[in-house]
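Right after this note come the structures.
Here chain A shows up in two complexes: once beside chain B, once beside chain C.
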Partner chain A sequence: MQHAVGVLESGLCRYVLISYGHNALSGDSMRRMLMELSGDDAVFGHFGATGGYALAARRAMHEFGTGPETWKKIAVGQRKWANLNPAAMMFGKPMTEADYDKARWVVEPLRLPDNCLITDGGRAIIVTSLERARDLKQPPAVIMGMGQDHPSTAVAQSDWMAGPTGARKAGETALAMAGIRLDEVDACEIYDCFTYTVEITLQDYGFFKPGEGRDWLQGGTIEPGGSMPVNTSGGQLSEAYFMGLTPIAEGAMQIMGRCGKRQLGPETRTKSPEIIMISDNGGILESHSCILLRRW
Partner chain B sequence: MSYDKPLPRINADNQAFWEGCRMHELRFQQCKGCGHVRWPPSDRCPRCHCTETRRLISKGIGRVYTFAVYHVAYHPGFAGDLPYTVAVVALDEGPHLLTNIVGCRPEQVVCDMPVEVAWEDVVDRITLPKFRPLSSAEGLG
Partner chain C sequence: MTSLLRDKYAVVGVGYTAQGRVPGRTSLSFHLEASANAIKDAGLDKDDVDGFICYRQFPADSNENALTPAMIAQHLGIAPTYISQDAN
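Our next item is the complex of A and B:
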C-alpha cells in the first residue's frame, strides 16, 4: 500500500491494482510453502505457521496470563460476523464457546478454531488519488495514516513473542500520520492468521494493557452490537484467507457502506464507521503494517 | 528400523555446529568484538557486525523459553510421537535453540523450566541436541 501511494504521488501511475489470488485449498502450494519455511526446524518436528504462533502464544500465556479463555472470545466473536456474510466459508456454521472448548488441538495451545482458514479465491483493491476517486462509482475510503515496523528475527530467536511486536510502532506511526487518537477509531480489521495475533495486535495498538484482553473482550466487545467491532467479515479465521487483502478489503468496503447485513451502523447496532484501523502481519510476528481509513 | 524423519541440511555455515553435536558438544560462535554468543551461525555479529569469532562450547544447560505441543503430524515420521513437545530453550550462555523436550510428558513442561541437553544419535553421522528436565544432581552442582 505504501508502494502504491509512492507511485501515485510520484506520478508514475494513476491507478494501482493490488490483488491476491490463490488456489490454496485445492492446490498444495500453501502447504509446500509452509513446509519449506520450516528449514532445519523440521528436524525437531516443527512445521508451518501454527507451530510458530503456538510458541509465541505459549510465551504470552507465561508473560501476561492470556490463554484459550481470551482467544475463544475472538474466535466466537468473528464467527458471528461470518454468519452475517454469505461469502464467508463459515457462513451458516455458527460456533459457541462450548464448541470452541471441544475443538481439537492442532499445536497446543492452539485449537483448530484458533487457526485461519485456507481458501481458494482472491480479492483486490484499487488505489488512486482522492481527486480521481471522488468521480468513481463508489464513495472513496481515504487513507489517513500508514505505519510499518519489522522486528524480523525468526521466532526461535525472538524475545518479543509476547510483545511489543511491530504493531506497537506501526500503530503509533499510523495514528501520528493521521493526527488522531486511538479512541477515535470506530472498528478494526486485524490480520488474524491466529486468534493470538488479534490479541497481541490490539494489545500493542493500545486498546488494552497486557493481559487485560480477556476482560476487554467480555460482553461481545468485538461482535455485532459491540463497542469495537473487529474483523467484520469473519476475518481470516471465519471468512477467507487472502493474506493482507482480507482485512484491508473489508475495511474499505465497510467505509464505503457496501457490506449488506454485516454493515457497521444501525444494521448491526454498531457505530457508523468514520475511521477503521487495519493491520497486516508477516512471518511469525516478524513484520507489521497498519493503515487507517476514513470516510470522505 | 531406518530413521524416517527429516535430517539437518549441512552447509558451510552450520557444519561446525553439527560436527560438534556428533561429538556431543554444543558449539557456538562467540563474537570477539562484543562477546555475543550467537545462533544461527553467521559471518558477522548481528549486534556489532564484527566478523571475528571464537568457538564457545555451551554447558548444555538452560531454561524452556517457550514450547508447543504437536497433536498433528505434518510429516509421517512424527506420527508415532504424538503428542510431542517442540521448545525454544534459552541456553545459559545466551543462544535460543529450537529443539524437543524429552524425558517427560508434554503436560509436565512449563516455561522457565530448567533443562539439560540430551543427545540423540539418530543416524551414523547425525546427533540431535534435545533437552530433558535438569536432573537434581546437576541442579545442585
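Our next item is the complex of A and C:
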C-alpha cells in the first residue's frame, strides 16, 4: 500500500492495481515453498512456517503465559465470522471450543485450527487519490495512516519471538500519521497466518498488556456482537488466504459498507466502523505493515 | 505528527474470484479474474490503470512459469506506465 501511495504521490500513476493470485491448494507450490523455508536446523525437525511460528508461540508461552486457551478464542471467534460469509472456505463449518481442543497438533503448541487455510483464488484492489475517488462507483475507503517495521532476523536467532514484533513500531507510526489514538479504532483486520500472530499483533498494537489477551478475549470481544471485531470475513484462518490482501480487502469492504450479513454495525450488533486497523506481516514475524482505513 | 499523506488516497475497488478448492486453474488466471473484477468494481476502464503492483507471491507451481507483473499486465490487456513485483 505504501508502494502504491508512493507512485501516486509522485505523480507517476493515477490508478494503481494491486493483485494476488495463486492455485495454492490444487498446485504443488506451497509444498515447495515450505521446503525452501527450511534451513540447516531441518535435520533437528525444525522446518516450514508452522515450525517457525510454533517456536515463537512456545517462547511466548514461557515469556508471558499465553497458550491454547488464548488462541482458541481467536480461532473460534473468527470461525463465527466465517459463518456469516458465504464465500468463506469454512462457511457452514462451525467450530466450538471443544472442537478446537480435540483438533490434532500440526506442530505443538499449534493445532490445525491455529493454522491458516491454503486457498485457490485471487484478490485485487484499486488505489487512487481521494479526489479521483469522488467520481467513482464505490464509497472510498480512505487511507488515514500507514506504518512499517521490519525486525528481519531469522526467527531462531531473534529476540522478539514473544514481542515486541514489528507491529509495535508500525502501529505507532500509523496512528501518529493518522493523528488518532488506539481507542478510536472500531475494528481490526489482522494478518492471521496463525492464531498466535493475531494475539501478538493486537498485543503489540497495545490493545492489551503482554499475557492479558486471554482475559481481553473473554466474552466474545472479537466476535459478532463484540466490542472489537477482528477478522470479520473469517480471516485467513477461516475465509481464504491471499496474503495481505485478505485483511486489506475486508477492511475496505467493511468501510464501504458492502459486507452483507457480516457487515459491522446493526447487522452484527457492533459499532458501525469509522476507522479500521489492518495488518500484514511477512516471513516468521520478520516484517510488518499497518494501515488505517476510514470512512469518508 | 500527522502526515500530508493522511486522507489523500483511498481504496476504491475490490476484486474477488472463485475461492477454496478450484482445480484446473493457473495462478495467472486468478490474477486476471481478480484484477478485472477490481477494475469493474471501481467503475474504471482497464485503460485507466497506469500502475500495476503484483503482491508478494509464492514460487510457481512446477507446471507453470513464474509469474511476472509484465506477463499479467499483458494478459490483462493493460499498458501501465509503472509495474512492480513486491518482494517477500
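The rule is simple: the second predicted complex is superposed on the first by the 296 of 296 C-alpha atoms of A that agree within 3 Å, B and C clash if a C-alpha of one lies under 4 Å from a C-alpha of the other, contacts with A are read in each partner's own complex, and residues count from 1 in each chain.
Everything that follows uses one rule, which is that contacts are C-beta pairs under 8 Å (C-beta built on N, C-alpha and C of every residue); 3 or more make two chains touch, one makes a residue touch a chain.
On a predicted model such as this, the values are computed, not experimentally measured, just so you know.
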Practice item. Have a look at where A:A75 lands relative to chain B and chain C in the superposition and call it first, second, both or neither. Key: neither
Point to revise | Touching partner for A:I275 - first (chain B), second (chain C), both, neither | key: neither
Exercise for review: Kindly classify A:A156 by the partners it touches after superposition: chain B alone (first), chain C alone (second), both, or neither?
Suggested key: first
Point to revise | Which of chain B and chain C A:C188 touches, first, second, both or neither | key: neither
Study note, to complete from the structure: Max touched-residue count on chain A (chain B vs chain C) belongs to chain C
Point to revise | Touched partner set for A:A56, first chain B, second chain C, both or neither | key: first
Check your understanding: Now for A:F47: first (chain B), second (chain C), both, or neither, which partner does it touch?
Key -> first
Check your understanding: Counting only touches as set out at the top, which of chain B and chain C does A:L245 meet: first, second, both, neither?
Key -> second
Exercise for review: Determine, under the contact definition given at the top, whether A:L136 touches first (chain B), second (chain C), both, or neither.
Suggested key: second
Point to revise | Residues of chain A that touch chain C when the two form their complex | key: 3-5, 7-9, 12-30, 32-33, 36, 87, 89, 119-130, 132-133, 136-138, 140-146, 176-179, 240, 242-245, 248-249, 252-253, 256, 282-283, 293-294, 296
Revision key, fill the gap. Listed in rising order, chain A residues that touch chain B in their complex are 35, 39-48, 50-51, 54-56, 58-59, 61-62, 104-109, 155-157, 159, 161
**Study point:** Residues of chain B touching chain A in the complex
**Key:** 5-9, 14, 39-40, 65-75, 77-78, 81, 83-84, 86, 88, 96-100, 106, 110-112, 128, 130
Revision key, fill the gap. As the complex stands, chain C meets chain A at residues 1-3, 5-35, 37-39, 41-44, 48-64, 67, 72, 78, 80-82, 84, 86, 88
